[in-house]
Amino acid sequence: MSHNTFGKNLRFTSFGESHGSTIGCVLDGFPPGMAITTDEIKAELIRRATGQSRHTSQRKEKDDVQIVSGVFEGVTTGHPIALIIENTDARSKDYSNIAKQIRPGHADYSYWKKYGVRDYRGGGRSSARETTMRVAAGALARKWLKQNHNITITAWLSQLGDIRLQAGDLSKIDQSPFFTGEIDRVPELDLYMDKLRKSGDSVGAKISAKACQVPAGLGEPVYGKLDAELALAMMSINATKGVEIGAGFDAVAQNGSEHRDEIINGEFASNYAGGILAGISTGQDITLSVAFKPTSSLRIPAQSIDTDGHAIEVVTKGRHDPCVGIRATPIVEAMMALVIMDHIMRHKAQIQSNHLNK
Amino acid sequence: MSHNTFGKNLRFTSFGESHGSTIGCVLDGFPPGMAITTDEIKAELIRRATGQSRHTSQRKEKDDVQIVSGVFEGVTTGHPIALIIENTDARSKDYSNIAKQIRPGHADYSYWKKYGVRDYRGGGRSSARETTMRVAAGALARKWLKQNHNITITAWLSQLGDIRLQAGDLSKIDQSPFFTGEIDRVPELDLYMDKLRKSGDSVGAKISAKACQVPAGLGEPVYGKLDAELALAMMSINATKGVEIGAGFDAVAQNGSEHRDEIINGEFASNYAGGILAGISTGQDITLSVAFKPTSSLRIPAQSIDTDGHAIEVVTKGRHDPCVGIRATPIVEAMMALVIMDHIMRHKAQIQSNHLNK
Amino acid sequence: MSHNTFGKNLRFTSFGESHGSTIGCVLDGFPPGMAITTDEIKAELIRRATGQSRHTSQRKEKDDVQIVSGVFEGVTTGHPIALIIENTDARSKDYSNIAKQIRPGHADYSYWKKYGVRDYRGGGRSSARETTMRVAAGALARKWLKQNHNITITAWLSQLGDIRLQAGDLSKIDQSPFFTGEIDRVPELDLYMDKLRKSGDSVGAKISAKACQVPAGLGEPVYGKLDAELALAMMSINATKGVEIGAGFDAVAQNGSEHRDEIINGEFASNYAGGILAGISTGQDITLSVAFKPTSSLRIPAQSIDTDGHAIEVVTKGRHDPCVGIRATPIVEAMMALVIMDHIMRHKAQIQSNHLNK
Amino acid sequence: MSHNTFGKNLRFTSFGESHGSTIGCVLDGFPPGMAITTDEIKAELIRRATGQSRHTSQRKEKDDVQIVSGVFEGVTTGHPIALIIENTDARSKDYSNIAKQIRPGHADYSYWKKYGVRDYRGGGRSSARETTMRVAAGALARKWLKQNHNITITAWLSQLGDIRLQAGDLSKIDQSPFFTGEIDRVPELDLYMDKLRKSGDSVGAKISAKACQVPAGLGEPVYGKLDAELALAMMSINATKGVEIGAGFDAVAQNGSEHRDEIINGEFASNYAGGILAGISTGQDITLSVAFKPTSSLRIPAQSIDTDGHAIEVVTKGRHDPCVGIRATPIVEAMMALVIMDHIMRHKAQIQSNHLNK
């Protein structure tokens, strides 16, 4: 069983490698009748694009997304929506020097052990380039959620290395390359990143997110819980090492009398549950956090082996991206949108629709 | 789409409610030819059973599991293995007083919002009673993994409230009701729990786990990653609020030069990755941690509403279990076993089998 | 991947063997709020039961179905509905004489080649005993379809050996063991069957079926077409060798000017399509036919081998059922109900619900 | 749930409309390590291409297939194989006159009822243009089956209108546009078709097929039977109205003593089963037949309605294809290849691999 498909009633399948000719996706099960343009999709792609900030990698892609099926006269038809982007900045440079290298912390070792063959150019299929298509498909899902249920989804940087950040003013997250609502702390973050890049090292990041106006009742017990499928989605993003819902790991040291969200005057008095009880949404904000590991490609040399088993030293030349986690922010939003939209469709399947619309 | 099934090539479907007549499961896709007895399954069930310790709830179930299909003359046939257990301690007491109560932190609110009807007896379908069947099915998976690949899976209590515990001597985890390898700290834990129970409050727990001898190459990029499906599995366990793979959230503040596990003299020098790179196992131990929230049923009163929307006060009478997370330990092991066995089967499907056996 | 599950949004999983202790099923995704009793299910089971007529096999099962989960206070809860039946007439007789026999036309050969082990008692998992659970689950689906969409499904015997039968008066199909609406031809069929049984031989049967009041719009192009999934369902019934939709194989020799169902005065003038165009229902009656092969267990000896490869002669002793196809009639109805209900749920997932209810 | 995906362990997803810019597919789960070129795929595409014979439609497509992912240095990598073809002969002519027409026998009515919107250009998503991608993906599956298991799959025209044809010399099916092994009857067929086209009418066709060297043991009881999934595959092809396995509908009038394939001197003495018993392959040839309805687009006028409900007369102008079934031959082969390869992968997942290779 291969798994380049995500979702049940709304199914997203991606294809393409970092340095292949084309990347793309098929979004199957999307309802008919929604207007959509490539410009709307491209607006989301720009948010995740590389080459926007001095802190990210130098690859510059135009990301000229094409809708090649599923949309007719500007409107979705209910048929599979295929989106493709031609890779333009995947230069056919000489990769012979890295063809046998096993770069520590990368997919090189595990892909080689699994498949016996691998596309060594820029990570091949394991590259974060694939996430471009998630953001593209997420753009459709986000529009549908907003139009039909007034649901909005926002993610932000909540920790960079050991710097912790508050949500701040979330309307401002697109004003800096850090996706932070604490806009006045951007200079501090700039300084931190510059120093880090000079050192040749990298750090991890924590991204937090919330979905507002999600109706109560979404989630399929026992193995299709909303939180479980959000965890699946987040862990499928490159470099993820952890996922929390609501209070997350802080719940371990909490007392039950504090954690259980009481209902006072008909309203939840707190939201440690993160908007999900027993796998089903309660109508409160859905909240989660995701841990991203530090970039593995560094100028600092690392000990490793090559595919013949010989000891080698691996060094990444040229500019690098000292914190890949930051750029995961729009991807977290996109995956959250795909999960929630899928769950709305599943809910509609089983339950009389008037329940959802109440 | 309903979701009482877990897994792709090895598929586990459970049914039954806390106070129904029978709980059960169907394990579909299990290979033919493995010997199994009800005693072997029961040995695992005893580890998770309630009523074993003064710290857990008072429900006493014999858990007399029956194999009703899929095993012939003591050997699996390749056909669906159905296991059932008759509930014996689900007393037909008067539930009329709780039929309309919405207990904070429980499934009551979200199930009621989703389905419009609910089985209010002991949590109905949302009860942890369902996890009995996971442990039963896990017993088969664990035996198969051990016999065919020498894989062993062990989970332990790594945090109780604010008490942090080391792995210690994992051969001793079954010697106390705390599933701890730090066997000399059991008196400390006993004391903590007694005090907690007297206070009428509860705490969360963190369970850690590892799987040893897992071959390299398991995991399906991009949406069936081994870590992503482990996260799905763990988040499907009652009361889970977070999942970490390897370094988990600690990776956020790590430097890349530390986190990326270098290969020195042909061996990984560390295992911050938790045995998984780019979603595929590396052959190192698979390590993870899971956060469980504190028990919501407390003697301490809570503000809530009933299903008519009236404000009420909810109090749980009688003995309670002040830390449900502890008893999740064998469930974490069982789910890990089901995920890994499923991935071995998926790997065998796509890859020439000699790769896996190397 | 094992496949004891059928359906997508409404998922039916069966378990159990012919001579095991218990057979059962799990119906997952069934909507909450429908009243159902075991008597309603049993009424359908009686229609398919053996031992009703002098023409069928002598096994007598009480088929005392139990609802062990998913129904609370007489109403479905939205959780998995598990049904079980204890086998009572599976006598523990001595099977040692048949343990190694490969009976021609049975599952013996292919199961043995696939699994290496097999339950030789009465066909084990391959026995038509499994279809009892389809009829049980079908009873729930049929009630839901009738209540919510006024859909009715009827199947009848349209060919017995070389005797062709018309639909006749379908309100009378339960008045004879032949499921025929041509009630005045029952004596002819009785005579034919008696003669056949005396000869020790068997014949095949053709069952036709129709579903009325199915709304237009059901079916998922391109690989989840309504007709394609009906074919999957029908071919999953024991002994099926062919499936036709609408005109079926007669369409080969038809002219297009005849076959294409014109719309005259706003009504379809014919229904050669069988109510399905391009995989999607049109609102006309859904019509299909299914070919069942003749019983393979005969008193007439057959040449075969045993599991050691030695040539043997196989003879079935005692009374036999000279036409298994007849009894497939309620199974065809049940599978048709499960497919249509699943498609209604899929349709609701993707399309604004007001479309379906129009 | 949308369904533009086919298969379980080998999953094929197609996208694109008749007159969209691009059609394509994603083949997920294909094993790594097989060499493949676009020329090998194109060789199969040419067999199904339009414009080859005076009997088929006039659309001329170059079908210049591109492999955009999943193949690196000429070899499959185990990652999703995406194939795309740009439509070149989908002229942007004026479709305004047909935008509201409901053509009898086409998808127009049911698509319109289901989705509310539709791509009216050349059938949109319902067009047989989609089957190009099945043949493309089938080319990869056929190569893999031949290389790894020496399996060959051949389909041929067995009935054209009321003309019945024998298999004949199957090595000659590519020598005429009729895919017939009775090569000396081609003039008769030519004459029949010319006459038919002059009349402005059309007929159906029956295509038969066999797969040789399929190992015993493929198929997943009870709902993933090899024959059931072949039926699903065949019914998913445009214009199919019936499917038979082995003796098919002829089995209805057979006696059991004839139908059950006896084993004499260690060999099956006949193959009425079509190589499948109880849903699992026996090692004999897999045989099946498929009924295709006559073309619905005719010069002969038909009564219908438009999307406003007004009565209209529909006439297809220009040249038409009087028997669409003939060109389905390579599609039947491709779908058979995809099903069998998927089942080999499923079998490998569950069963120790030495069973399959024996």
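The chains carry the letters A, B, C and D, assigned in the order they are written, with residues numbered from 1 in each.
We take it that contacts are C-beta pairs under 8 Å (C-beta built on N, C-alpha and C of every residue); 3 or more make two chains touch, one makes a residue touch a chain.
Since we're looking at a predicted model, the values are computed, not measured.
Considering the contact criterion stated above, the chains in touch with chain A and with chain C alike are B, D.
Of the two chain pairs considered here, B-D and A-D, the higher C-beta contact count falls to A-D. In this assembly, B is the chain whose CA centroid lies farthest from the centroid of chain D. The centroid of the Cα atoms in chain C and the matching centroid in chain D are 27 Å apart. The centroid of the Cα atoms in chain B and the matching centroid in chain D are 45 Å apart.
Rounded to a whole number, the gap between the C-alpha centres of chain A and chain D is 38 angstrom.
Annotation for chain D: residues touching 2 or more other chains are 1-5, 8-9, 14, 29-30, 32-33, 78-79, 114-116, 125, 221, 346, 349-351.
Chain contact summary for the complex, chain C toward chain B: residues 1-5, 8-11, 13-17, 20-24, 26, 28-30, 32-33, 66, 68-70, 72, 75-82, 84, 114-119, 124-125, 349. Taken in their complex, chain A has these residues touching chain C: 1, 9, 29-33, 78-79, 221, 345-346, 348-353.
Looking at the complex, you find that chain B touches chain A at residues 1-6, 8-9, 14, 102, 104-107, 109-111, 113-116, 125-126, 130, 159, 161-162, 201-206, 216-225, 227-236, 238, 240-249, 251-257, 259-266, 269, 272-274, 276-283, 291-298, 300, 302-305, 309, 311, 322, 325, 346-347, 349-351, 355.
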